[in-house]
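Chain nomenclature is as follows: A, B, C and D, assigned in order of appearance, with residue numbering initiated at 1 for each chain independently.
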Amino acid sequence: MLKTSKEMILLYVFVGLFLLMSAASPSKFLTLGNLQSMATQLPELGLIALGMMVVIITGGIDLSITFTAALSGIVGALVLSSGYSAGVEGTAVIFLIIKALLATLITALICGFVNGLLISYVGVSPILVTLGTMTLFEGMSVWLTKGGAISGFPGQYQWIGNGYLGFIPVPILIFIVFAVLTLILLERTAWGRSVYMFGCNPVATFFSGINTKKVVMLVYLYAAMMAAMAAIIMTSRYNSAKVDYGSSYLLQSVAIVVLGGTDIAGGYGKVVGTVVAAGIVQVLSSGLNLIGINRFMVDVTMGVLLIAVLLLNSFISKRKQGKGVKKEPKKIGIAV
Amino acid sequence: MSQMPFLQMRNINKTFPGVRALDAVRLEILPGEVHALVGENGAGKSTLIKILAGVEQPDPGAEILIDGKPANIRQPIDANQQGIAVIYQDFSLFPNLTVAENISFGKEIGLGKRFVNWFEIKETATNALAELGVELDLNLQLERLPVAKQQLVAIARALAFNARFIIMDEPTSSLSRGEVESLFKIIGTLKEKGIAILFVSHRLQELFTIAERFTVLRDGKYIGTYLKDELNEEKLISLMVGRRIEFIKQSRSKTGPVLLEVKSLTKKGNFKDISFTLHKGEILGLTGLVGAGRTEVVQALFGLNVPDSGEIYLDGVKVNIRSPEEAMGLGIGYIPEGRQREGLVLRQSVAQNISLALLKKIRGKFGLLNAGKEKELVEEYMEALDVRPRLPNMLAMQLSGGNQQKVVLAKWLATRPKILIIDEPTNGIDVGAKAEIHKLLRQLASQGMGILMISSELPEILAVSDRVLVMRRGRLVGEFAIEEATQEKIMNRAFMGMPGRVTA
Amino acid sequence: MKQRTKSKELWIFIILVVLSVLISARSNVFLRPDNLIDLLKNNAVLGIMALGMTLVIITGGIDLSVGAAVAVLTVLIGKFMVTFGGNLLLTFLVAVAGGVIIGIINGTLIARANIPAIVVTLGSMSIINGLMLYYTNGSWINDLPAWFIDFGKITLFKFHDAGGNVVGIPIQIIIFLIMALLTWALLKYTLMGRAVYAVGGNPVSAKRVGINIERTLIFVYAYMGFLAGVAAVTHTSIMRQVDPNAFLGFELQVVAAVVVGGASLAGGNGSIIGTVLGVLFMAVLNNGLILTHIPTFWQKIIVGLIIILAVSFDVIQRKRMEKSLPRVDVEY
Amino acid sequence: MKKIIALLLSVLFMVSLLAGCGSDKSNTQSQQQQGQQQTASTKDNKYKIVVMPKLVGIPYFNASEQGAKKAGQDLGVEVIYTGPTKADAAEQVKMIEDLINQGVDAIAVAPNDPAALTPVLKKAKDKGILVVDWDTPADKSVVDLSVHQIDDKQYGEHIWDLLVQSMGTDSAEYAIITGGLSAANLNTWINYGLEYAKSKYPNLKLVTDKIPSDEKQQVAYQKALELIKAYPNLKGIIGISTPAPIGAAQAVQEKGLQDKVSVVGTGLPNDSKTYLKDGSLDVATLWEPAKLGYLTVALIKDMLDGKKPTDGQEVPNVGKIQVQSDGKTVIMGPPTDFTKDNVDQFNF
């Protein structure tokens, strides 16, 4: 059974694509430089997708996630650029950076809190709430920046998005840390368990003494935290903050999450799936870019891949069901 | 029996890949008869119904005759056009459509119409309801009707396309006693019109009241068809399970000091002035008609329905319960009536369902779940409750009703509650599993747990409880020690001696 | 109080009225006939699309490919008219046929292969958009035939407003109204329309009463495609040129209008009246920003806040109402 | 299991086919170009020059693509014209990352956001790649060459001059409709223009802050309608970004206000022709994007050959260029104004 799980299929697709791209342009694709650059590119979208995944597991959606990232990045950038002038050096810079990181995180958490409050405590449906907050956060970002970019950061800040530890880019390390964190939180904590159970059946979960409102609130806070992490990487990588950084990540992150096997209706979704799906998208995008395919055909390929993988999944699960009937009723039907 | 049977089914086989669900089954239905189809869960009743309804196809070689002529039922519309209607356990109605539409929809589709004539829809609905002798607001959205009335809508729908044969799958499982009686009256009316009924139920007492003939299935095999006079409950059970099961009055243990005291609990539009006590080691039966406010009261004890006034004392201490989380913290467990909707997370594993209420208790280092402890607890309780098959990773939806109920019980027992509230504990569960659950409840009581049990099935109340409370229209109207309780006395209180006033 | 959906529509109506009163208190232009006509005309395309999306959402689905679909259809008719000349009827037919084909493909994948609608349409959105931009490279199509431009300028029911100016109802509003009536009648008076509600309300029961679910779903997406075709013609008749990029991000606006109009993404609920009110709400909200002289940098903040307030109030008052409903007929 | 693998493989083949088709097409094309244009030079010597617009798939950047490609043919260099499908700086950075690994000789980019590109352009420079900005300036410190269509300050001022000319008065109310609030180059022109107006035309009154139009004609059209109604004394509308003046002109035309409200702005001649002719659009001003593309590639080729641009240099097919004092900022020349009289002479 495990062999044909959604995640394994994805892994095959990933490996297949990777080999294909390597074969197509070995001298370009399989270079350290390209691998490093893919590893630098993936985390922003990957982190947002992880946040989106947790929300989708509860059966919700967070349309405001990219503007949460934009707004929190801008606030962090304002702290950073307003506190930085040529004279500031040494530990003062480190403190300033820490202050900016905290400002980014706190702003994002406030955004997540607003979403969580309206969704879990007031009871408005997630799509309506985040449709509103999406516009609100965008508006606040534009208002804060007047549409321009905030820049003028200390050079040290760039290390987060552009630095290396050994030969490994820092962003991918951040991504790995948060992917593992998400994995542990979802699979090994009471909250994570409740998230899955809530996604399948909120009523039964509530009736089992779980504080579902708190669970949902934490979900939106967590998504906001992922947005903040993505924002930090983005502001550092681009050495500035602006309202439309990452604005194309919204539907892309939803696409990655569903490609990763997460059930859009909630209740099922694996970190591994989302991570591999993000990898697939990255390999496809970078690979086709290296080969020199028209960008629009890259979009087309992504669309084809999305539908093809899900067709494959549905085909396999139909077959599995066919097989399942064979065994299971024997075991359970006549018991009692 | 010289009459031409309405329906004859012979040599019905149904093989799913690797499993034989039906093996040479036969069934004969006479016009205007009430026929009971009995068998344990998994005996093949639902497969047979699905074949009749056109949802499933039998294996080749099956003979289905209607009015003596071979019939071909390939899809639901065919069944409808042959005069066969199925009232599923969940009624298969549309919550978002009006009563009128729910009644007339099937007919309109059957006629192959393209446009909706609202006048005709209402007329069809009015006629069908008049035939039943019931009045309902035709423009009301179905989801706003109580369950019993939804069932009437489902029956009216069957009448609307002139069904000559109505299959009722567990029609009484969500009805109160009084409503069951009205349903039986309606079945009587249908009979008079020459409409045959196939009645599927686990409540044997009801079957003996209403059915004339019984067809028994076991493990997908045809066991036989019997006249009512040839059978009694005991014999029927032995035919169904193939072995004798004793359906006994459970032995009682001594009850202890007061565990829970409720004083004049009131909530507007829910219940008024409810006071009672629950003792350690006691099973307190709570009965009454559906809609009498029983569920609303117990939900108040579990923090799901915060009362306007009144007090709740636990071990003599006044408590304020505002959420299930708080109730659980106080040692209260609640097993709701809607097992599939409220009790279980069907798409998750048995193990995860059992440990769901325990998550706080199995937290280890750094707040991580202790997998070893979880496994231990899950195995312990699956064993204790004899959940079969003993596969913790199986999805809850793959279990039979009885085992699902055991999983819900396991979930709550694992929290070691002082008080267990259980709403319709054996609803839709077959005979063997019922007895097991009754025994288990008594066992728990003898270990000192206080159990508050809601049930509409009086034999169940009488077989299990120590004391019986009766509710009517949001108020407590009677309390009986088990020694003095009889079905008649309880019903009297539930109806206040005026059964005629309560219409379904 | 009688039906939940009805109260939902009433509530949006109240919010819409409040919003309009607030705006007209600050702007005497808002309620002028010419402004209201402009407002309706400029939101006719959104409205036509939202009608189709209502059906899709009632079945519990969603169609994210509508923006791409309408864009590709505008290109299609643009190229068609420039290359072949053609006439109005043919142009309509081309647009509608193209839309229906896209819809049938979406619907078939959703109904037959059982892939969630959001995934299928997310995929088809990138495929359609990608292919269209690959082939057009985003170039505008100019020089549409004169008869088409004239068609776009048609106004009916001319009357004199307070200032003595002649005001008429533009053809685009008429198209929107016809489509709204058509869709309303479809939902109310055809068995297919009732099947749409039935499938959204309870698919299992729908199958049991003999509704062909696959056919219903394919019909719904095809109808969405049909309206995308109508919207493409309407849009092009307003703009008089074709910009392949004109509908980027449009799908979220359409979904927003429908869900604000009271349809639930869970399926089963939604109505044409609600959707029309939802479209009007979004239209009035946007129209009011400049008329009430709200500074540019505050506009999005205010739009966001009003949407949040509107949807929250709706839920709060409904919850309050449901709480006060008696569950038991208590004897006093 | 086998079936699954087979299915997977077929999916991969599909993708590879798609990929293959695309790459074949571009390869053969460029080979043909080589064959025709540059028989003398071998494939290895050909410079690979990336020209990246803010986004692909809009008319303006399509026109520059034609120019850039033409220069590639004329001068015997390989031009890779590619960019994101959305005007998103993040996407641009990612693409440049990929292109650095492709091993190119020069990257010319029209930044969606100058600051955002600085780190990645630095990286490119470190790899020995010639870094150029075009259309919109990037961070001055990282670029080796900066190709401007126009002097931003002059252009902003020019637009305001056109407004005053068209209105026939410098004492009037006007509004600005811009492509997007966060578009850096549009903001630059507007800011220069506003500053200029403050001193030169103190009686011009901007009724409200610039209104965004999402780069869409229909939004510009709606906003213009609302502006006309909200500000009854409005005499002029400036549209910045190519769809904006067209949308505004359409609103003016529909309301029959050609004589009352003047519309000026940045527009492509083909798209604005109708409105110029009926008088609703008074004047559109732009440079020739194709020339800009051509110039960018031509100058890069020179730089790669070791030649620096000089002030007053005559570039074939483009004309005389100006070079500013820093020696690396090149300005193509003054903008072209399109009016109803001359618009038919242009085709882009």
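We adopt the following convention: a residue touches a chain if its C-beta (ideal position, glycine included) is under 8 Å from a C-beta of that chain, and two chains touch if they have at least 3 such contacts.
The model shown is predicted, which means the values in this text are computed figures rather than measured ones.
S.K.: Any chains in contact with both chain A and chain C?
M.R.: B, D
S.K.: Across the interfaces A-D and C-D, which one involves more C-beta pairs in contact?
M.R.: By the number of C-beta pairs in contact, the winner is A-D.
S.K.: Whole-Å distance, chain C centre to chain D centre, using C-alpha means?
M.R.: 34
S.K.: Roughly how far is chain B from chain D, going centre to centre by Cα mean, in whole Å?
M.R.: 70
S.K.: So, what's the distance in Å between the C-alpha centres of chain B and chain A?
M.R.: About 44 Å, centre to centre.
S.K.: Of all the residues in chain A, which ones touch at least 2 other chains?
M.R.: 142, 146, 294, 296-297, 299-300, 304, 315
S.K.: Where does chain C touch two or more other chains at once, residue-wise?
M.R.: If we look for residues of chain C contacting two or more partner chains, we find 130, 133, 297.
S.K.: Which residue numbers or ranges of chain B touch two or more of the other chains?
M.R.: none
S.K.: Output every touching chain pair, sorted by label.
M.R.: A-B, A-C, A-D, B-C, C-D
S.K.: Which residues of chain D touch chain C once you look at their complex with the stated criterion?
M.R.: So the residues of chain D touching chain C come out as 56-59, 61-62, 65, 85-86, 181, 208-212, 214-218, 221-223, 225-227, 229-230, 243, 246, 250, 270-271, 273-274.
S.K.: Taking the touch rule as given, give the residues of chain B at its contact with chain C in the complex, in rising order.
M.R.: That would be residues 53, 55, 75-77, 80, 86, 88, 90-97, 101, 105-106, 108-110, 113-116, 118, 139-141, 144, 268-272, 291-293, 296, 472-475 of chain B.
S.K.: Tell me, which parts of chain C touch chain D in their complex?
M.R.: 27, 29, 32, 34-35, 38, 42, 130, 133, 136-140, 142, 235, 238-241, 243-246, 248-249, 286-287, 289-291, 293, 295-297
S.K.: Can you name the residues of chain A that touch chain B in the complex?
M.R.: Within the complex, chain A contacts chain B at residues 184, 188-190, 193-194, 196-197, 200-201, 203-211, 267-268, 322-323, 325-336.
S.K.: Quick one: in the complex, what on chain C touches chain B?
M.R.: 2-5, 188-195, 197-198, 200-202, 204-211, 268-269, 324-332
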